[in-house]
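Chain naming follows the written order as A, B, C and D, and within any one chain the residues start at number 1.
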Amino acid sequence: MNVTPRSAAAILSLSLAAAVLAGCSEQAGGGNGTAAAGEATCEPSKVRLVGQVRNESNPYEASWLAGGDEFAKSVGLTQERLTYDGDSTKQQEQISQILAGDTKCLVMNVLPNGDSDTPPIVKGADQAGAYLVTQWNKPADLKPADYKTWLSHITYNGVESGQQIGDALATAIGGTGGIIALQGVLDTAAAKDRFVGLQNSLKKNPGVTLLDQQAANFSRAEALTVTKTLLTKHGDHVKGIWAANDDMALGALEALQQAGKAGKVAVVGIDAVPDAVTAVKNGTMTATVSSDGSWQGGIGLAIGFCAATGKLKVEDIAAANRAFFAEQFLITKDNAGEFAAPKTNPADFECGNVFNRVAGPLT
Amino acid sequence: MSTAVAMKPAQRLTGFMPLIALAALVAALTIADPDFLTQRSLIAVARTAAPLIVLAAGATLVVLCGGIDLSIAALASLSTVFLALWLPNLGGLATPAVIAVAAAIGAVQGVAHVLLRIPSFIVTLGGMAILSAVALVVSGAGTVRVVDDSPVHWLDLYLGGYVPMSAATALIVVAVIAVVLRVTPLRSWISATGYSESAARLAGTPVDLVKIGAFCVSGACAGLAAVMLVSRQFSGGPTMADNLLLPAVAAIVVGGTAITGGHGSVWRSLAGALVVTLLRVGLPIVGVPSAYEQILYGAIIVVAVALTLDRSKVSIVK
Amino acid sequence: MNALEVRGLVKHYPGVTALDGVDLAVRPNEVLGLAGENGAGKSTLLKALVGLVTPDAGTIHVRGEQVKLRSVVDAANHGIGMVFQEQSLVPNLTAAENIVLGSEGPAVRRGIYRWDVMRRLAQEQLDKIGSPIDPLARTDSLSFADRQMVEIAKVLRIEERSQHPPVVILDEPTSVLESKEIETLFAQIRRLREFATVIFVSHRLDEVLDVCDRVCVLRGGKSVGEVAAAGAVPRELHRMMIGSTGSDDHYHGSAATTVVEEQPRLSVRGLSGASFHDISFDVAPGEIVGIVGVHGSGREDVCRALFGAEPTTAGEIRMDGTRIDLPSTRAACAAGIGYVPAERKTEGMVGALSVAENMTLAKQQARCAGPFVAPKKQATLVDSWIRRLSIRTPGRDTPIQRLSGGNQQKVILARWLVAGDIRLLLLDHPTRGLDVGVRSEVYRLMRELAATGVATVLLGDSLEEAVGMADRILVMNDGRVATEVPCPTGAKPTPLDLVKEMV
Amino acid sequence: MTSEVVTAPRRQSRRGAAFRDAGPPVALIVIFAIFSALSPQFRSTDNVQNIVDAAAVLAVVTCGITFVLMMGSIDLSAAGVMGACALTVSLLVANNRNDNGFGLLGIAVAVLLGCAFGALSGLALVLLKVPSFMATLGMSAVGLGVATLMFAGVQPNITDTMVKGLAIERFLGFSYLTWIAAVCVLLGWLIQRYTRLGRYAYAIGGAEEVLALSGVKVKPYKVAVFALAGAFYGLGGVMVTSQLGAGLVQAGDGYDFSAITAAVVGGTLLTGGRGGIPHSAVGVLLVMVLTNGLVQVGVSPYWQGGVEGLIVVAAVAAAVIPQRRRNQVVK
């Protein structure tokens, strides 16, 4: 790789010259610019379905991709499964590579890694004219209604779920006593919203005191260590554990078991992963809140597919459905049986029904 | 003493190995998915690779000096936060300000390494943790959105409609570093420090300054990479670039730079960064399932390093 | 029957014929000296004898039986072992482990160490050579001479492998030893011959004659003759080695400059550091001052302190009357001080860099125009020094590690001369491991530099060298200057006079 | 990447060596004392128990990595190998995914798998001459891939009471996992002190070329050391699985760098040839005391990582002060 100063200088001057001669442009050359975008309709068989999540190594996201596969199969297509290991840059890299290919009739159902990852995905898809549904994370001031092919943004109301399980926890410990909170990845809207929910709940239940809060990054293993430490720190003052997701709640359960306190401390979480629902059913966990991975994996593709094939006109989507909270349920011992095996109903994905689970507009 | 006396053609071949590995990878991806080799797709790869190229180029200097900089990714993350916070007030000045601050932070780590005599691995491992904490606190543990990205928008343009500006900038950075090294005594100083620090010192080489300088440039490059990331993401985040650390180190080694120091070049890291980017992006795009993608990634980088490392310069491989 | 015999050994390397039909016969229980200039083929021959090099032609016979030696282990199985020039001990293991390394035998059973057995085995070896070293001491805590003893004890382990008396090869064992340690070593060698055969290689011809029964001389990859040690004189050997009579004036004493008393170039007052205290001395321009002392006398550290490579706690250093601070080697360099370290391979040169880069490493300004390297200027400069010091190298861009030791040392010396701004040269064992011819060239260069007014501090490779070269000698003992001995040409003190002060 | 004192023939002062070995234990005591003064909960018996229990997995992983570091190599494969082994063991013992119930045999298979991964890294190092940094980084990715394959979308929860019990049941106040870790440390120390493998690993870090000159075939030992390290990671994966009650692909997340940190803080050099299992054990305790102490004294979660990093750097800096020299190579 010997490059002489002279040739390196040549490269430099050439690139500068190119800049001067050709000027700069917004868009890479050879592109098809803003393509179909709702006008031309696609053959159902020509639609390209892409589902992107963080990784396949956790149950929630695995069920998301499975849901996507199921929907794709129902319309005779296959889903391209992309995973980015929770790596924001890798996610962007994959998206821009996908968008550099054939974007006509492209439908993407994306789980952005964080709020900040959504704007570039949206801009890229908008420029390329690809149909996009995003879930969970987006900055508040970025609205699908302002874009043509960003069909919808789906999320669950984190403040509400955080508060619901907080209230359930308060009831479980009899309205008084100390609790500890396990936070998610601090840099995510989900973690912050859910914690706001907990704080709301604490205001409502003045007898409950928050002894400590630590980040365990949505991870079962980290939750285990943090909980063990907090248990020794606060000892028997801990009556309940509030976890921002079920993985951490399950880690906390293990910690309680190892500390010989299983059953003596109430634990709540969010997401309704199968293990947590089982735990709620057995009574080892107090409550969790449903979010339905396989539905999320299918619905995003379904909305996009309907729009691409012209069965759903973007203009026709109600403003409230362009960004919405999906239905969620508090799962306690009473209703845990119903959620033990989440079943996606193929009817949910029919073009007329895609917005059936809207609980309310995103505020 | 040395057994490698006359192996000129073989040596020349190892010099081109990173390029050969790159070509082979492109060919393999194209065979796996004929749609992959399109102009647009290659342009996207170039644009994608830009931050990684810049990060790897800076860290290459530290590796050439015989050290390692594990803080580049965390520093880049912190820099995205700074940039996003400062853009509203400083506008166009925010970019040079962030690069300067990043360079200063890099230099501070260099000084700690040199003065306190702590291995660079430890200093930068600690630096990584500290910088991440600062980024979390400064950003309030959230992403900072950039509403008006016009001061960094130029990086998102395309030169002549084809060459992404960020890729061109990355290329210029690599070229500038390479040229500066080549035409000044720095090249000798850095290699001497990397091959044999004590000999370099006893020949009056300003070893300490060279090392601090390398960390400083590495920091500045992390800052520039952060600018590129912000121009691409329209925001700054305290963990935004964290996952680029191992790819950047992989890029350096895949390029054939010896991790023990002395032997290598920034051009090699450029090729290495492209290889790593193709692996990160290309494998899933051509339809390799996630689990197999990781297995392939692991296997391919090992093989790539086996191909590119010029072992005649490195006697014992640790 | 000969203990070891070599017939017509040939070894080619690309472009070089290292061995060109060497014949050699070693009789049982004799000490055979092997002499020859660098490049005469000594190293290659020795490597062939211990299986590190496979010869292209020729045969090796051990006790009359032709053998093929493929590895060190192979050689050991035939009873041949070597003490390598650079010590081959693992520093962080115990002496006992080093002694049995590679042939642990009963000391390790099924991969498990039996420390008591190992200790006993090692003690047996050490007893053979009468060394009092604790076998369980960590090797890097031993003195250099002790480590040499461990090496010899280790080599003698080959006795366990073959039923016959061992052949022990000592490659340059004395090059880093102090004179007292050398005496001990020689006593060991004389003891060894009771039960072993020894091949002894050294650049110091007097030593070779001192300890050997017979000396064999190599030149250009051929054996050119042998002499009985008794009655032979170094000059005779030297003539055989270089093929003509060497100069009488080995140290170029006739070129010694007369020192005019004026302001001293270097003036050291009350310098103290970790291993030396209250050092004061002057060096005049053009003067060569030798510092002698045993290992641990602190002279190396004084030398390094003068180059800013060792911290000082008190005292002052003046160059030409101006007080200077030496916080770093860089500062020393800028003050016109040059330093040639004793450890050429690890501290002197950067092996993978080219001759040109090594030569200009310290004085970048000599090859630069402004801040930029001027390739033409560099080429002219480097080539002129390659010619001037007759450095044998394929070209200025050849990595320095491919050069022979003598040529490497010349490059390192040239490093300080290229800019022409050198005022004080600190030479730490500058001729270590060099052959007679190169030594002589180095001495001449030192004289030439002195003539131009460069002051020199010399830590000689041997007492003779210090006496031969220096105008004045400082004797250091336990970190202090014990005495100062004038040493003018024609009225040199004998090494014996100095030794008395050293201990 | 680490410090070594040059000037080969110069003698190391014994005092310096003693200081260096004493540094980490002193730091451990000092940090422990500081936290004890700051927080009464910290010095409670419960918490000390908790710290030791929490150190178990890290101790086992660090044991493995120490052997590799002693050789002067580096090993970044812990995360991947632990993930693969965690999935393996959770699918082999009684679990909710299949009808297996191999118990101890399942654990043995997982440890052997770790061993095989390690051996592969070692082979890539000695046969392909790929630096261990990259060979093990690649192996980590392979391990994670294999783990993801086995995961197949459904978390395997273990129902084997013996495996779960390891984390829950206690003996003399400490969980069984802690005793397993203690046995590993002891075993590691015995291997280091009394076996050819351990001593050669140490010697390879000291002077590899000398071993070759003495007729020792170095390569098999290198592969064996990586395999040994892999076995420790495998066991670490099993232990995490027992703690979490489920097989996670992420079982080994972060253990690679924490184990290296622990080993280095304990006084093992990255250039090899110095340190060892006892040093690493101290390092592990130091790291765990820090992590636990910061939570106990209530340092904000935002700052914890930073404070930890700062203290590690400071601890290493303090440890090198006695041996700081002007012309010293620190990489």
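Keep in mind that, in the parts below, contacts are C-beta pairs under 8 Å (C-beta built on N, C-alpha and C of every residue); 3 or more make two chains touch, one makes a residue touch a chain.
Quick caveat, the model's predicted, so the values are computed rather than measured.
Taken together, subunit A and subunit C share the touching chains B, D. A comparison of the C-D and B-D interfaces places the larger number of contacting C-beta pairs at B-D.
Remark: subunit B and subunit C have CA centroids separated by 43 Å (rounded to whole angstrom). Centre to centre, using the average C-alpha position, subunit B and subunit D are separated by 28 Å.
One inter-chain figure worth recording: subunit A and subunit D are separated by 34 Å, centre to centre, where each centre is the mean of the chain's CA atoms. Each of the following residues of subunit B touches two or more other chains: 136, 141, 182-183, 198, 201-202, 290-291, 293. Counting partner chains per residue, subunit D shows two or more touched chains at residues 6-7, 144, 148, 302, 327.
Shared interface positions of subunit C, i.e. residues touching 2 or more other chains, are given as 309, 329, 346-347. Chain pairs that touch, as defined above: A-B, A-D, B-C, B-D, C-D. Interface residues of subunit D, counted against subunit B in their complex, comprise 1-3, 6-7, 71-74, 80, 124-125, 128-135, 137-146, 148-149, 208-209, 257, 260-261, 264, 270, 272, 302-310, 312-313, 316-317, 320, 324, 327-331. Only residues 15-16, 18-19, 35, 38-41, 43-45, 47-48, 51, 136, 139, 141-145, 154, 156-165, 168, 171-172, 175-176, 178-179, 182-183, 229, 232-241, 243-244, 265, 267-268, 271, 277, 280-282, 284-285, 287, 289-291, 293 of subunit B touch subunit A when the two sit together in their complex.
Contact residues of subunit D toward subunit A in the complex are 39, 41, 44, 46-47, 49-50, 53-54, 144, 147-148, 151-155, 157, 167-168, 175, 240, 243-246, 248-251, 253, 291-292, 295-296, 298, 301-302. Subunit A contributes residues 1-5, 8-9, 11-12, 15, 18-19, 21-31, 55-56, 80-83, 85-90, 92-94, 96-102, 114-117, 119-120, 123, 139, 141, 185-187, 192 to its touches with subunit B in the complex. Touching subunit D in their complex are the following residues of subunit B: 66-68, 112-114, 116-123, 125-134, 136-137, 141, 197-198, 201-202, 246, 249-250, 253-254, 258-261, 290-303, 305-306, 309, 311, 315-318.
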